[in-house]
């Protein structure tokens, strides 16, 4: 079973934070198919949010097909989200770490690295977008 | 600080002033009537003292306010309860003490000023009421000479000021100890009444050693002026005492006198015959009293007792307020 | 609700019970002593009523206690009645009590009901004890219509206690603060007692007036009657008391006025007055005495108790209206 | 559960103008005290099952509104329907509504256990076990005088007592104002757990100044200012409706014509307008950004509905 964290200052709606944390947990293998999610009462008591928020998050996950509600038992993981398996995440994480070390040796600070990553992501998105249009 | 105390108590002060004014008005109106009445009696009796004390006694007292001066017996207690008891207790209950004690004034000064103002108010109220009552009672005192007797002693002269100051101090101290207003009120009321009864019934007769005089039963004896008679009766040669009600007389009398009891003793004739018989058998009249000229000394002693007690209570209150965690 | 009332007032109840017990002890101790004195007096006097009147009944230390019972209603009203509503409003616990599933009416009914019952019991027990204790004194005294004979005995103390508590409750509901409510209890209770004692009680029932010949023997009302006034009345209705300044004050007919003995030593005064009385009698003057007969004592007690209980009921009604209506 | 629903339906039918599914509906509710108006023309509705935040500056009328809804005070004008019923002194109404006043009123000389027993004697429906269990879980001594407990413990006792009534509507007037962050979190956890347990059968109105707390746990908001309602609705939809528009200083008129400007901040070069949008923002000169809950609350607290123009603030030199 997993526990959630809800950051009130992040600007991301709490229900979305829960949805993302469940997705991430399943993606990273923390949760497997058939595992039970914490009950609404447990979540609410632990992170102090509105029960309706948890319900809304679980409903969204159910609509995505990620979880299913079994009457009288609770909410369970039904399938894995589309995307690479956990091992891929692991491998890419390693190569990114290598790149970070390289960048630091070249004299880049954290802020420069973050902005470089952001710019690259935007540029790639633009490129793929124009490709699609084209 | 004085302004603060005044600001907190000004509505009470207005109420007290209004009550005092009403009391003064009633007493003055009635007092002048009594005085006029008394003058008429003096004129009619033309200086004859027997006439002045004649039976049935001329009614001096107007019915409307006759009981009013006796209210001053309980008023000090009420003032002490309603003003004194909440002084500290209510501030603690509403936590306004946290405000008051957090200002740049020591608690001692805070309490001293507030208590001082209240005690001053008690002195003024007690003094005004007592002065009015004393003046109002003037003709009555002149006629019956009762100002030394219990009940009259307590509402005239300077003792009412002592009572008022004591009641206020008791209220303040009770509130400081109890930290809650209602119990403090109960303590102030109960304490005041108990002490007053105790002092007037048990202590007061012994402020100064009473004078005991033996006299001839056939001639009788009346102490001069407005003396306070503590007990009167007859005593036999063997020391057997019978009080002036003569209720238990029969059992102690020699047989020769007992026959005289068969007639109604209320008829003065048979009573004097019995007195002669008793005198002949060695009985003497005995009276224990406080002479009239001690009236002022007694007033001073009693007022002093209450003022000293008040001072002790205020000291207790100050010590507690200083020591206690707020 | 009853349990709630019990929980809230058990401390006061215990204190009241302890005080009642102490009072009972004093009353029994002193009462038995007075009773034995009375018995020896009765034995001594052998049925002579004059002798009985003269006998001293020594009540000793507890002499003032019957007077003290006059304060019982005020103490109950100030310490229990006044905070009943006002105390809860001040501490805001009314917010707790009034947001339970009990209407304010029921809440107030339970609290006032029990408190008034308690007040009646306290007043009643004290009154019964004082009445018993004062039995010999009542038998001895001619007047049981005055303080403290009348207002510490019988059933009026119950009326006083109920009224004082009701006054405290109503004053607390109106003022919403305990201390002013206590002040109102004191002023209101003492004020009403004063007004009723002096101005209303003499007129509960039409007083009996008996006229008598000035030359004949005087008339005194039988038993422990309440003498309201006595004196002489002219055919035109002018009233003159027997007091010296009144008689010499120039209101008597001139011919009779002249017969008045010159003021001097009292000795033999009665003889010389007889001429004056004959003169007045001849001119149609009569002696009178106005009184409430002793037989009306219980009727008076009933009427007075009724007045106080009715006033108490009105005050309680006011408290109910205010508590129901007022925003908490 | 189904019984409860049915009863609710009946009650809804009985009350005129009451729409089903609304725990609270008020129409032009006003309350005047001798001098001042505490509440003016207050029209709000709170759907069942919501946790509604009641926000507003001090003296805005929050306490007055809550007391009227609890049946503790009566309005001078207007009408209120609470759970389909008019708030009043009646056991059947009082039993459904739990009210916790700002001062946390408890008998200071009584223990929590005394209070639980008092509640048992003053309520037909009373879950004493619930109250005891909650307090034992929180390690609050049941046999210690309430006056000796800490502020946070007192608030927990009061909340447990209010919940023991098993009310369908809970009205809480600034219960956490005086609590430290940890006590506050425990208090709110008790509250949200109770809400989860009720499975939609409990509606809560919680007044507080702590916007971050409210944002976290509430899904509905009622905002009062100067005795009037400035905002009432579902938080998510309100956040979606509102945008901050940033653009050139000149020429804000077209925006003001189509959208309702709640707050405007202008400098020499730039205008930043918080607007309630009517449809999409199509003006290319403006960049539309999402608003946070706190921005929204602060904007409406400062707004004066009488004349919005007077409240436009100008920052910097001209």
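By written order: A, B, C and D. Residues from 1 in each chain.
Following the convention adopted for this analysis, a residue touches a chain if its C-beta (ideal position, glycine included) is under 8 Å from a C-beta of that chain, and two chains touch if they have at least 3 such contacts.
A quick note: this is a predicted structure, and the numbers were derived from the prediction, not measured.
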#### Entry: B-C or C-D - the one linked by more C-beta pairs in contact
B-C
## Note on the structure
With centres defined as the mean of Cα atoms, the chain at greatest distance from chain B is chain A
#### Entry: By mean Cα position, the chain sitting nearest the middle
C
### Task
Find the geometric centre of each of chain C and chain D from their Cα atoms only, then give the gap between the two centres in Å, rounded to an integer.
58
#### Entry: Mean-CA-position distance for chain C and chain A (Å)
88
### Whole-Å separation of chain centres (CA-atom averages), chain B against chain C
22
### Task
Sort the chain contact graph into one of these: line, ring, star, complete or other.
line
### Message
Per the touch rule above, enumerate the chain pairs that touch, sorted by label.
### Response
A-D, B-C, C-D
### Footprint of chain C on chain B - complex, ascending
37, 40-41, 44-46, 48, 50-51, 54-59, 63-64, 67, 71, 74, 78, 81-82, 86, 90, 181-182, 185-186, 189, 193, 197, 201-202, 243-251, 261-262, 264-267
### Summary
Residue positions on chain C within touch of chain D in the complex are 1-4, 7-8, 91-105, 107, 324, 327-328
### Message
For a test of understanding, state which residues of chain A touch chain D in their complex under the given definition.
### Response
6, 8-9, 11, 13-14, 40-41, 44-46, 48-54
### Message
Residue numbers of chain D touching chain C in their complex, please.
### Response
67, 70, 72-74, 89-91, 94-95, 97-99, 101, 103, 105-108, 110, 114-115, 117-119, 121-125, 158, 161-162, 165
### Task
Note which residues of chain D are touching chain A in the complex, please.
49-51, 185, 188-189, 192-193, 195-197, 212, 215-219, 236, 290, 292
